[in-house]
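Report on one structure; see the data block that follows.
Order of writing sets the chain letters: A, B, C and D. Residues in each chain are counted from 1.
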Amino acid sequence: MKKLDILTTGGTIDKIYYDDKSDYQIGEPEIARILRAMNVAFEWEIRALMRKDSLHINDDDRALIRQAILASDDEHFLITHGTDTMVETAAALGDVGNRVIVMTGALNPARFIDSDAVFNIGCAVGAVQCLGPGIWIAMNGRIWDPRRVRKNRAENRFEPV
Amino acid sequence: MKKLDILTTGGTIDKIYYDDKSDYQIGEPEIARILRAMNVAFEWEIRALMRKDSLHINDDDRALIRQAILASDDEHFLITHGTDTMVETAAALGDVGNRVIVMTGALNPARFIDSDAVFNIGCAVGAVQCLGPGIWIAMNGRIWDPRRVRKNRAENRFEPV
Amino acid sequence: MKKLDILTTGGTIDKIYYDDKSDYQIGEPEIARILRAMNVAFEWEIRALMRKDSLHINDDDRALIRQAILASDDEHFLITHGTDTMVETAAALGDVGNRVIVMTGALNPARFIDSDAVFNIGCAVGAVQCLGPGIWIAMNGRIWDPRRVRKNRAENRFEPV
Amino acid sequence: MKKLDILTTGGTIDKIYYDDKSDYQIGEPEIARILRAMNVAFEWEIRALMRKDSLHINDDDRALIRQAILASDDEHFLITHGTDTMVETAAALGDVGNRVIVMTGALNPARFIDSDAVFNIGCAVGAVQCLGPGIWIAMNGRIWDPRRVRKNRAENRFEPV
């Protein structure tokens, strides 16, 4: 892996809580803070494409993500994305040539104690170096083919279909 | 201090995040988990009176909190409460006799990394043993007379009036 | 409380782990990082007097701590100190006039998940504003007279004598 | 991946601090706690083979690890191990047939805030599902061939040789 090209789109992983509004909002990409803290031994670059809850990601957003991938000469991509429509975005990315793309996110905000964010990013980073071309999802400790996984919202976990 | 009588009412301190609803709700009182983890060397008892954002605490709720205090023979009380109307509830408690009551809460949920919850509970616990009778607020590291403090919502901190 | 005068001496609260030596050492005072993160609404100043495991604190060190207190015109002091000889140092400080001095530390390094450091500092901060002149110890959630407390090393907690 | 067979041997990842001895010792395998908290969607089994600082792992220990691998019919293995001699143990495992083995550990104890333990386990879990047969090391966010990596102790990181 020459370089890891990271695209962020928002989602729970980047949610922070604002007490003055009794509300959460999507903050700075947590993945940058995490990769620095982990002192990773590879080159990476980050582009924050949008800050959206994945329920609000639409066709235009997905076209933008696809353009950001195709405009790059890199081979390895990691996309952070809200979990509710991660599978839909994976399907919409279409043919990406020889690129290896792993999508991940979090079921609990990275700023939470016991969040799955650091673990999920680890899974995605470990997998992206070892996978062949295509689009993959790293959630709940597994590397999924997006066509064979769904989020079970009631159980708050990803499961095979 | 013979015993610390703890009343919980909800507020940000107990907020947890539910990804399936992309929403925060008020969970179990965090103070119980914290005092157990801290292995405190005093006797304490907890009553969860309500689970409300403090913007929703009304006159009936305040009457209930007052009743819960007056019905107890204990001298030392710690009340966890949302920060937005903590000052109003303190004013509504009225005459509490010889009791020492410290109110506290959190500007960030206890489940967050860098939450002020543990620190604030520490301040309240340290102060309640040393204060004379009356009602006090422990926020931002200070022990305030409720008549001389307000929450600055824009700055998300308590400040003198 | 006009200002809180903080003296640090080392101890477990400031211990950090160095993998290359498979050893811990005493690092920067954690209390400064904690008070900044907690956004406290009072003025404070910190002096790092030494960085010692409290088993290595000797009579000269205790004389130095006493001098640092007496040389200051402030009224309120917080001293962080290793737990093994905190009681001995409290006894050695002698007559401190009208000053209010609270000593605290931690049974687990502040850098540990579930450390008691933040809670103990909270207790000390809450108490120092409410106590009368004298020297006090804030550990395990209680404010102790140093003549009536000891560390139970086997149980790793402070208890009355 | 039908099942992940986890072997633990000790190392910094499992170190906990004992204040009464002012010492670190190796505790229960942290990986079990972490995988449960992360709610992973695969089957796993754990065997705690030893609890050693990796500087104390000798030829007999390495023979034992090898036996534990060969005695299993599983294909996928994750080994947690101290970082100082992780490379040596990888070399000593020799021919493991069609098995996929990923070794990982931590440069800071898992119980520390900002430990690399959760991230490293994530990397190892993500990689083990995607790699071909052989022995690999997951540290500092990279999946290394053990013959082409070393620990730089002064810098406290893994780097290519």
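FYI, a residue touches a chain if its C-beta (ideal position, glycine included) is under 8 Å from a C-beta of that chain, and two chains touch if they have at least 3 such contacts.
By chain, with names taken from UniProt: A, B, C, D = Asparaginase.
A quick note: this is a predicted structure, and the numbers were derived from the prediction, not measured.
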{"item": "Distance between the centres, which are taken as Cα means, of subunit C (Asparaginase) and subunit B (Asparaginase), whole angstrom", "value": "26"}
{"item": "Chain centre separation (subunit A (Asparaginase), subunit B (Asparaginase); CA means) in Å", "value": "38"}
{"item": "Touching two or more other chains - residues of subunit B (Asparaginase)", "value": "113-114"}
{"item": "Overall pattern in which the protein chains touch one another (line/ring/star/complete/other)", "value": "ring"}
{"item": "Those chain pairs that satisfy the touch definition", "value": "A-B, A-D, B-C, C-D"}
{"item": "Subunit A (Asparaginase) residues touching subunit B (Asparaginase) - in the complex, by the definition given at the top", "value": "12, 15, 17-20, 22, 24, 53, 55, 83-84, 107-109, 111-114, 153-154, 156"}
{"item": "Contacting residues of subunit D (Asparaginase) [partner subunit A (Asparaginase), same complex]", "value": "1, 34-35, 37-42, 114, 116, 118-127, 129-131, 138-143, 157-159"}
